[in-house]
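Going in written order, the chains are labelled A, B, C and D, and every chain counts its residues from 1.
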Amino acid sequence: SAAANCIKGDRKAPYTVGWANIYSVPTWMKQTEGTIAAEVEELKKAGLVKDLMITDAQGNAQTQIQHIQSMIDANVDAIVIIAGSSNALDRVISDACDKGIAVVNFDSLVNTDKVTAKINTDSAEWGAGAAKWLSEQLGGKGKIIVMNGPAGISVSDDRRKGAQPVLDANPGLEIITETNTEYNAAPAQEAMTSLLFANPEIDGVLSLGGAISAGSVMAFDRQGREQVPITGENARQFLELWKEKGLKGWATMQPNWLGAFSVYTAVQALEGKDVPAFIRVPLPVIDDSTIDSYLARADKFPADGYIYSDYDKALFDKLLAQ
Amino acid sequence: MKAVKSLFRNPPLLTLVLVALVWLVAGLTLSGFGAYGHLRYLLELAAVIGIAAAGQTLVILMGGIDLSVGAVITVTAILVPLISPAWDPTGLVGVALALTIATGIGFLNGAGAAYLRVPPIIMTLAMATFLQGLLVVVAGGSAVTVSNPAVLLLGQARPLGVPAGILLWLVVSAAVLLIIHRMPIGARFLALGANPLAARLSGVSVARNTLILYALSGFFAGLAGILVLGMNRQGYVGIGDPYLLTSIAAVVLGGTSILGGRGTYAGTIPGAILLVTTTALITVVNASPGWRSIMFGTLILSLLLVSGREARR
Amino acid sequence: MTDKKPLLEARQVFKGFFGNPVLKGVDIALHPGRVHALLGENGAGKSTLINLLSGALQPDSGAIAVDGRPVGRFSPATARAAGIAVVQQELSLTADLSIAENIGLGAFPRRFGLIDYAALHRGVREVCAMVGLTEPLDMPVADLALGRRQMVEIAKALFRKPRVLILDEPTSSLSAHEAGILAGVIEMLRDRGTALLYISHRLNEVQALCAHVTVLKDGGVTADQSLSGIDGEGLVRLMVGRETGDLFPPRPACTPGAPRVDVTGFSAGLVRDIAFSARAGEIVGIGGLVGQGQEDLLLGLYGAIPAKASSAEVSGKSGLPADVGAANAAGLVYVPADRKHEGLVLPHSIASNLILPSLGRLARNGFRDRPAETGLIADLARRLTIKGDVARPVQALSGGNQQKVALAKWLPLDPSVLLLNDPTRGVDIETKREIYLMLRAFAAEGRLIILASSDTPELVHLCDRVVVLREGHVAATLVGDAISEEAIVGAAMGVDRKGAAA
Amino acid sequence: MSAVSSSGWLYGAIQSRRNRGLGGLYLVVAAFLVLYVVLFPGILSVGGFSKFTQNWFPLALVTMAQALLMLNGGITLAIGPLVSLGAVIAATTMGGVFGVPGGILAVALTGLGIGAVIGVIVAQLRLPAIIVTLAGSFIITGVALLLLPRPGGFIPGWLSTGLAGHTPVAFLLLVLILLLWKVFLATPLGLGIYAAGDNPIGAFRSGVPVERVKIAAFALSGLLTALAGLFVAAQTGSGDPVIGAPFTLNSIAAAVLGGVGFLGGKGTMRGAVCGSLLLSVMINVMFFLGFPPVAQYIAQGLIIVGAVAVPELLKQWRARR
C-alpha cells in the first residue's frame, strides 16, 4: 500500500520525536503535554520511540519556525506541532516533509497540505453545534451575546463562522452585542460585566470556548443577574459552575489526547502504515446527561484544567481507520 | 481663567477631571454605564491596576521600570492556594507567605539592578521569563481554586456596600502617598529619579533605595495578585499578563514622567480609572475587533493629548 | 576701529520667561577686531542675550541685526551661516560622540551628502592645535574631564571659522595655563578682524583682553563704554555699581588643629600613590592644570569612587570611607564642580535640594517633620541670602545662586571636612566674595576645607597651603608666602622639576 | 599625511573605538556561536547558514528599528503591530495589479508614513513616546485586523524562495542594511540622531534640527519595522495580523542587551544587532543542548542577566585591582 505523506521509508525504529509546542505555559497545553509524554512512554516500552524533544516557542510563531528548523537540523524522525499561526509555518513544515520526517499537526492547523497528517476536531461544527443548542433552548428567538476568542486567530474565527449559518437560519435570535477576549476567565468576566450593565435583557450567551464561559457565568453571578443558557467548553471550572448554579448548559471539547494521538499517528506512519491526511476527531458533547460522568473524574484534573474524555489505543486505531 | 491654567499644570487633577468628564458623557449616552453598580465595578477593576501600578509608580519615579509586575501577579495568584496551610482558618498565613515571596522576587530584581548593574528593564524582563519557567513547574497539574477565606473575603466582601478591593486600594493609596510625600525615602526616590549622580553625591544610597523600591514593587504586585485571585476565585497562568502594560500606562497617563523624578501616585489613581473606563467603553461598542482596537488606541491618544503634555524645552 | 559697521547687533531687545522680564530693552553692538566684554551679576541676563544673538532664542520684541540688516527669524543654523559661533556656557556636547564629531556637529564638511572625514580631520586638527587639545580626536567626549570638554567646546566654535565669536564664561573651569592659551587665541582672532564677545566673572581676564564693555543690570544696560584707562577697581565699580572692598578676606595666621585627613599611598582614579594630610582649621588648595586628578582626589576621599591607601585616617576614623553615606556620617561633605549634573537636582525645588542631605536627621517616627524642614530651609536661605520663593525649581536660579544652594544644603550636617571642587565656577564677583567669607569663617570654626580650584588667584589669596597635582602625583606643596600664581603655574607645568634638574 | 589616509584614520579610529564596552558581549555571542557550531556543524553549510540567518533576520531588523529610536532618546511599543501590518499589507497587495514591486512599495510607504506620523506627534506635540506608541499599537493592530481578519493572503512563491530559500539572501540583506546604516551614520542627519538624543538643547544650539531629526528617526524606524514584516510575510508565505506581537519586547531586550541606553545617545547599532544575535542563537543552542521547556525559560532569564552582569562585574573587578 502507498505510504503516508512525507514518509520515504528510510527511517527505522526506535524514533526520535520532536514536539514543537507554541506555548507550554497554559494549563491546556500542560495537560496535552502530559498525554504526549504518557504516549511516548508507552511507545518506548514497545521499542518504537527512543527520545522525545520538547520545545516551547513562548507564543512566538517566529521562534517556532526556528525550533522546527532546528528539529530538521537535528534530524528527528517525527515532528508533532500545534501551530502558532495558521500559515507562518507552512514553508518550514514542507521542508521537514521533504526530508521524510513524519509531520503531524493538531489543534491549531497549518494551511499547507505537505504534512503527514492533520488531526483536529471541526471548529465550524463546534460553532454550529453551540449555536444550534442555544437556539433550541431559546425556542429560536431571544437576545443573545456572542463571546469570541481573541481576534486574528483562525480557531476563534472558524468557530464564529461555523455558528453563522445557524444564526441566519434563526432570524428570531438577535445578537445584541459581540466581543472578543482571551480564552481566560478574568478578562471574560470583566467584559461580560460591562455588557451586563449595558444590556438589561439577555436571553442567552453563545460562548465559543476556553474559560470564557466560566468568566461569563461568574459575571452574571456577581452582578446578581439570573443565569441564562450558555454554551462552553470542558473547562473544569465551567463544568463545576454548571452543576453548582444549575445552569442550562452545553459544552464540547478539544480533547487533550489529540497530543497523544498525534504521536501515535506519527509513529504508525513511520512504521509504514498509511494514515489519512486529515483525521477529523468527532466532538464529544457534554450535556446534562453526561456532565456527571465528567465531574466524577474532576479531581484527576487541575482546577483550571480541562476534563477530557477517556481514550485508548482502540480509539486511536478506530480514528486512523477512518 | 487662572483656575483653568493651574488645572493644566496639575496633571493628577487634570486626569481626575478627565475621568469625571468621560463618566458624565458616557453615563448620559450609554444605558447602564452610569449605574451605581457599574461605576463601583469599574472602580473595583481599577483597584487591581491601581495597586499594581503603586509599585510601578514608585519604580518609575526613581527612573526605573518593572516589567515583572504581570509575572509576579500570576505567581502570587497561583501560589496562594498552593501554599495556604490547611491548619490556618483565617488564611492569613498563606497570604503573608505569598506576599513575602512576591516581595522577595522584587528584592531580587533590585539586587540585580543595584549590584549586578543590569538595567532594570532587562533585569525585570529576565525575571518575568524566569518566573514563567517556574510556573510551568509549579502549576503543572495542581489545583488552584482558592479556598483561602482571607482571599475570598478580599475579593467578594462588600462592607457597607463598598467592595473590599476598593477599600484595600484606598489603604494602598494612602500608604503610597505617604511614602512619596511624607517620608524621607519618597524624597530620595524622586531625587534619584531626577538626577542619580547628584543624589548619590548628596549621600543618597543608590543600592539601598533600589532594593527597597523593587521590593515594594514586588509587594504591591503580590497584593494585586491576591486581589485578582479573590475576585476570580481562581488563579491561572496568564492572569497577570494584562496588568503589565496597564500598570505602566496608568502611571504615564497620570502625568508621571517615564524618565523619572517627576510625578505622583495621585495621578496614577485617576490614570487607572481612566484605563478601565476606556476598556469598558470599547467592550460595549458593537464593532469588529479591528475597529474596536482602533477606537481604543484613538481614545487613549486623545486623552493623552489633553493630559500628557511634556514641558516645552 | 569702532567706526566700522558692527557685524552683529541687538537693538532694544526684550525677553522674558513666563512673564518674568529678563532683558528690558538692551542694545549691544559687536565690531570686527574688537573684544567686547559683557558683564553683569549672575542672572543678569547675559546668557539670555547671547542666546538671542545666536538664534537659540527669539526676542519678545526688538531686533537682531547682522551687518546692519535686521534678520527675521533667526535660528542657530542661520546664525552659523551668518558666521556667528558661540562657546556655550552649558556644554553643548554629545557624550558618546568623538571629539572630532562633536567639533564638527552642525557644521560638518560634506562630500556627496556624507560627512567628509578627511576634511573634518584636517579642520579639527587645526583648531585643536590652536587650543592645545592633544587628546586623540577619536576619543569620546564622555572620557574627558570638565575642563577638557570646555576646550572642545572652544575648538568647536573656532572650527566654524566665525566672523563673530561669542564666549560665555569660557574659562570658568580652566586653569590659568589653559586660560592663557585661550587668551592667545582670542588675540589672534581679534587681530584677524573677528568680532568677539567675552563673558566672564574673572575680571582680571576681562581687563587683560577686552577693549569695550557692556554691563547688564536689572534687565538694562548700565554701562556701554571703552575699557581703556579703567583699572581693576574701576571695572568692579562699573559692574557692581558701588565701591567694594577687597575680593578676598584677610588671611589670619593659620593655627591648624588636629589632623583631619591623613593618607599615604593614596590612589583613586588618576591619582597615583600620593601622600596627603590636612588639619582642622586649614584651607588647603588643590591646583594644577585641568584634569590632573584634582577631582579624583576629592572623590576618593569622599568614598564616591573606588580608592585605596596604604594608611588612611579620615576625620578621626581609620580607613577611607566606604561610600558617600559613610563619608557624610564621618562629617565629610562634597560640593562638585559641575553643579548642574552632580550637585543639584535641577527640576526639583530649591527647598527639596536644600533638605535632601538632612531628610533622615529631621524625620520623626519615620515621617518627615514638615515644620522643622520649613524652618531649616528658611534659615539656610536667609544665611546664604538665597532670595525669593524656595518652591521654585532650582534650575530657575542663576548660576551663582545655584552654587549657594549646592553649598548650603550641607550646612545642617555641621561638617568637619568640606571637599570643594571649584565652588566659585561661574559665580559673580559679589557672590564670590560671600563664598570666600563663608569659607574663611568655616575654617575659623575649626573645619577643614579642601579646595580644588581652577581659579589661581583664589588659591593664592585664600589658601593656607596649596598642593599642586601633575599627572596624578604631587608636583609641589606650597605654603604661606611661597604661594604665588607663578609658583602654582610653574609647578603645574612641571617647570619646577626642570629647573631643579638643571 | 594624505587626505585619504587621514580620512581613513579618523573614521577608522572612531569606528573601532565604538567597540569599547562591547567586548564582553562579543565574547558571550562568540561563545554561543562556537557552541552552536560544535552542536550542529551543519550550520556551516550554505543551507544551514541560510536558515539560521533567516530566522535571525527579522529580529535583527526590528532591533535596529528600536535601537535607532532609543539612541534618539525615544522608544516604541508599536514594533510588533507594525511588523504584523507590514506582513498583512505585503500579503494583501502582492496579488494585486502592481504585483510584488507595488507590494514592496506599499509596505515601505506604510512604514515610513506611520513612523513619521508618530514622530510628528511625539516631537511637535511633545507627548511621551512610550504611551503614544502604545496607543498607536492598538490602532495599527486594528488596521491590520481590518485588512486581514485572519491569517491568509498571498505571497508569490518565487519571492519566498528568493528571500528565504536555501540561499543566504537574508544575511546579505542584513549586511547591506548595516552598510546603509554606516553610510547614514556618516551623514549629518545620522550623527544628529545621537546628538539630539544625548543632549537635545546642546544639539539644537549647535544647529542640529532636533525636531526634524526625531521625526526622521521615527520614520526610518517605521520603515525598518515594516520591512521586517515584509520579510516575515515572505518567509512564511502569507500574512498574519498578529504574528508580530512578540517582537516588541524582544526588540527592546535585544537593544538593551546590546548596550543601548534609554536616555538617548548611549550605545551602538552593532551592539544592538549583537544583542539580537544572542537572543536568536540562544534559542537554537538551548534546543541542541536538549533543554526541556522549563529549563529554556530559566536559562533564558539567566543568560540575559548574565550577558549584561558578567562584563559589568568583570569591569568592576578590574577597576578595583
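Just so we're on the same page, a residue touches a chain if its C-beta (ideal position, glycine included) is under 8 Å from a C-beta of that chain, and two chains touch if they have at least 3 such contacts.
Here is each chain with its UniProt name: B = ABC transporter permease; C = ATP-binding cassette domain-containing protein; D = Autoinducer 2 import system permease protein LsrD.
Just so it is clear, the model here is predicted, and its values are computed rather than measured.
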Any chance you could name the chains that touch chain B (ABC transporter permease) and chain D both? A, C
Expressed in whole Å, how far the mean CA point of chain A lies from that of chain C is 71
In whole angstrom, the CA-centroid distance of chain C from chain D equals 42
List the centre-to-centre spacing of chain A and chain B (ABC transporter permease) in whole Å, with centres computed as mean CA coordinates. 33
Rounded Å distance, chain A centre to chain D centre (Cα mean): 35
Within chain B (ABC transporter permease), the set of residues that touch 2 or more other chains is 132, 136, 289-290, 292-293
Residues of chain D that contact two or more other chains, please. 144-145, 149, 201, 204, 293, 296-297
For chain A, write out the residues touching at least two other chains, lowest number first. 24, 58, 151-152
Every chain pair in contact, whichever chains are involved: A-B, A-D, B-C, B-D, C-D
Could you please specify the touching residues of chain A with respect to chain D in the complex? 21, 24, 53-56, 58-63, 65-67, 69-71, 73-74, 85-91, 111, 150-154, 157
In their complex, what parts of chain C are in touch with chain D? 51, 54, 56, 75-77, 79-80, 86, 88, 90-98, 100-101, 105-108, 110, 113-122, 124, 136-140, 156, 306
Give the list of chain C residues in touch with chain B (ABC transporter permease) in this complex. 302, 304, 323-325, 327-328, 334, 336, 341-348, 352, 355-357, 359-360, 362-363, 366-368, 409
Chain C partner, complex, touching residues on chain D are 3-4, 6-7, 9-11, 13-14, 16-17, 20, 183, 186-188, 191-192, 194-195, 198-199, 201-209, 265-267, 319-320
Enumerate the contact residues on chain D facing chain B (ABC transporter permease) in the complex. 77, 121, 125-128, 130-132, 134-146, 149, 200-201, 204, 249, 252-253, 256-257, 261-263, 293-298, 300-302, 304-305, 308-309, 312-313, 316
